[in-house]
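These notes concern the structure reproduced below.
The letters A, B and C name the chains in turn, as written, and every chain counts its residues from 1.
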Amino acid sequence: MGYKLSFETVNSLFNELRKEYKIYAPKRFPKAGRYSDTDIIRYAEIKNVEEIVFDEKSDYPAKEVVSPITQTLFYFTEDEYREAKVHDKKVLIFARPCDINAQMNQDKIFLENGFEDTFYKRMRDKVNYVMMECTSSEDTCFCCSMGTNKTDNYGLAARFEEGQVLFNVKDDKFAPFFEGKEEAEYTVKFIEENETKVTIPVIPNKDVLNKLKEHDMWKEFNKRCVSCGSCTIACSTCTCFTTTDISYNENGSVGERRRTAASCQVAGFDEMAGGHDFRKTTADRYRYKTLHKIHDYNERFGQGHMCVGCGRCTERCPEFISFTATIEKVNKAVKEICGGECNA
Amino acid sequence: MNHDIDVKATRINCFRQSKVAGEFMLQLRVPGSIIDAKHLTSVQHIAETWGDGTFHIGMRHTLNIPGIKYENIPAVNEYINNYIKEVEVVECDVEMETCGKGYPTIGARNIMACIGNSHCIKANVNTHELAKKIEKEVFPSHYHIKTTVAGCPNDCAKAHFNDFGVIGIAKMEYDRDRCIGCGACVEACSHHATRVLSLVNGKIEKDTCCCVGCGECVLACPTSAWTRNEKKFYRIMIGGRTGKQYPRMGKMFANWVTEDVVLAIFRNWPKFSAWALDYKPVYLHGGHLIDRAGYIKFKELILEGVELNPEAQIAERIYWQEDEKRANINVKPIAKHNSAGPGSQDGRH
Amino acid sequence: MHNELMPVACQILEFKQETQTEFTIKVATGDLKVEHGQFCQLSIPKIGECPISVSDYGDGWMDFTIRAVGKVTDEVFKLEAGDQLFIRGAYGKGWPVDQFKGKNVVIIAGGTGVAPVKSMINKFANEEGFAQSVNIIAGFKDENGILFKDTLKVWEEKFNTIYTLDRDEKEGFRTGLVTKFIEEIPFKDFGDNYEVVIVGPPIMMHFAGLECVKQGIPEEKIWVSFERKMSCAIGKCGHCRIDETYVCLEGPVFNYTQAKKLID
């Protein structure tokens, strides 16, 4: 069922929803960008529809709502670790198809891989999506190449228009909120083509993979990549984290254990106690990330690649390293290794 | 050659005397060191019509056209009337008459600026916008002052070597929850700035007092944990200069002041100069006036009526450090000591 | 809901100094389950967590042999019997002990690498006949680096042992790297009824692996235990991942056919 709501009506809808839900959406943080007088768009709790940035890609992904950059896991005393509590509201996230698909990919790691992650699950269970329809695609987007331009994993769909929002109620539990609202024809659409297109290389076996790891193509990144990790924090699918304990005072034994997003691009990610690390160069680390996104993850879970083509890594890279350009270079390298035979 | 020229008058008119008798070099002001590129055709026209066909980029970012004959100065002044109107009146909102007689004064020198944040990734402020606002405050004035605006503490604009050097700085905000403890800011600060950051248990600790407000931490931060406060701040360096006798680097006069404060200070500059020189402009630059008045008197007059923002810091005293090219240049008989204030320019002390 | 990341308080029963920087703690671990070759996450509140392999275990207790080289291990070093620390685990895939049954087992271990195989060797010692024969090459850097001195003596009596020091001379020890002594193992007598275990620092494992292959040992008979930065130990944090493999889940023990292809 479709509805047409003026911004004013959306705000009163939000007021109703907020009794049960915390609403998160991409929001503008003026002048908070890397360079002066540039903005940042990132996910934050909102109250009004006017706060939602619907016509630009957010700099940071929706994953931050479910797995925030820093999260307290336990509070400890000398004798026990106590699980940190979570708020008791449900969560409504305005997210684009790529971000919703990205969360599905994160689910595999947090919920299926090995053990279930309690902290992720308890937040994930709260989440309902309002799928923000993309009416245009930006030049760094390549969701169609990754097959992540579409999703049916949402409760509501929304199309933003001048001063009004079209809603499609897919999950009946939201129907009561729309009772008496103006009905309208609204068929959900997805982006069908991006300006940027890539083919993901087929890496047929471990031998090719290991030859690819040693290929000269990575060398350029020793000069270009600065290992800052911006791409992984902006990535809608990266999940890695580091756990740290902090005490509230110097001598006391009361404190908290928290986890913080970690980046495989930052030196020390794989460093063991005693100082041995395995990926010593910038190129090693960039190669590690790249292959996870377009090979390793799919090799493990088998239901599509980790990368959802949101393009945020390219947007946020301070050194103008384009991920799609990198994928093309991998393509070329794989062709070289296989003599042009193995790449579909 | 038989010339009868008032070179002082032509200098005030922004035509500088050449070693070739009867020739002059026009200095076109470029406030904020930026103008529409279309004006370059005017520069070309002047150079090719009245000059020697060349132009020089002035050391204070003026556009200089040498080789102009004295008798052509009126024609050139007529021609640059439109340039002055567009650049000074329209762009900078300067209150002046444009009557085809060229620049009314050379006193307040061209206000320079680095490219600033309209382009530069390091800059914290829009330097030319501020320069243009300062132009409105100090031009046209016969009192000599050299001013520059730098977009960040890297100071490519040489704020440390001007009478007044304004530097764009930023107050940083740190969001602990967004910080991943990668240490990039610590490294950036230690490499490029004042080493005020350290990584303690996965998060950052900062020695706020020594932060120069450059923004290197923000540039290095991969997560936007570091951001610049929306409010723009400035540092003002005073008394820097080059010169044959006693070049010196300027000293910090004001820190963490807002644009309103910067402009209010510049508004007081002509008043201070007039007082220091007893209302008789002479060819003496700002730094020397501060020397004569003494920092305490300067501070009193320059801050008169200025409403400081809460974050503002003002130097209580300044210890100058001239590089004395002539030994003991400050050591001389009492009778030769320069002084400031009423009557000071009449030979009394 | 069970929270796998929640550590439980455990009491230290014994503290034994092994070398200057290495020590073994015996900890009362209640009903935590463990297999040979697995590891646990040890926690000290406000310092943090680190992965430590289980060097021995029995009913309600585990041994951890630890080198003080990091924030957490340095802190554990300061503890003594009666003190408390926090543990979760055990994690990972251990040695395929059942596959070793009735076989000639060759164990090549270097330094602290002896720890993750110690409980398994003790099992072989306690259950006579479980393994057809046990052949141990154990190498240490120097005299000061020798671990489990008493246990080594027990093994010496029961098994074929070659103990060596990289660059030191001592009675009962030969001198040289473990790789040098692999050719002394009577593989010819084993037919194909044998398995080889290699465990130690990354470089030692690399060269010992190559040496074994050079000796004609089929790769599928070689087993190694990987050390990586296991941080969450439950397949989430990503620090130990190599390609599609999570060392904390599929490892730390790998068959050499798989291990040789795991390039970080």
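Here is the rule we use: a residue touches a chain if its C-beta (ideal position, glycine included) is under 8 Å from a C-beta of that chain, and two chains touch if they have at least 3 such contacts.
All values reported here derive from a predicted model rather than from experimental measurement.
Asks: In the touch network of chains, how many steps separate subunit A from subunit C on the shortest route?
Replies: Minimum step count, subunit A to subunit C: 1.
Asks: Give me the ID of the chain with the smallest distance between its Cα centroid and the all-protein Cα centroid.
Replies: Chain closest to the assembly's C-alpha mean: A.
Asks: Write out the two chains that share the greatest number of C-beta pairs in contact.
Replies: The chain pair sharing the largest number of C-beta contacts is A-C.
Asks: Counting only C-alpha atoms to place each centre, which chain is farthest from subunit C?
Replies: Most distant chain from subunit C: B.
Asks: So what's the Cα centroid distance for subunit A and subunit C, whole Å?
Replies: Result: the chain centres lie 38 Å from each other.
Asks: Averaging over Cα atoms per chain, report the distance between subunit A and subunit B in Å.
Replies: Inter-chain centre distance comes to 46 Å.
Asks: Compute the distance, rounded to whole Å, between the mean C-alpha positions of subunit B and subunit C.
Replies: 69
Asks: Check each residue of subunit A and list the ones that touch at least two other chains.
Replies: Counting only residues that touch two or more other chains, subunit A contributes 242, 244, 246, 262.
Asks: List the residues on subunit C that touch subunit A in their complex, please.
Replies: Residues in contact with subunit A: 1-7, 9, 43-50, 67, 69-73, 84, 86, 202, 227-229, 231-232, 234-241, 243-246, 248-249, 261, 263-264.
Asks: For the complex, which residues does subunit B have touching subunit A?
Replies: 117, 121, 123-126, 168, 170, 176-182, 184, 201-203, 215, 218-225, 227-228, 230
Asks: Okay, in this complex, where on subunit A does subunit C touch?
Replies: 73-74, 76-81, 83, 109-110, 113-120, 122, 206, 209-210, 213, 239-247, 253, 255, 257, 259, 262, 264, 269-276, 278-279, 284, 288, 291-292, 295-297, 299-300
Asks: Note which residues of subunit A are touching subunit B in the complex, please.
Replies: The touching residues are 29-37, 40, 42, 59-60, 68-70, 228-230, 232-233, 242, 244, 246, 260-263, 266, 316, 318.
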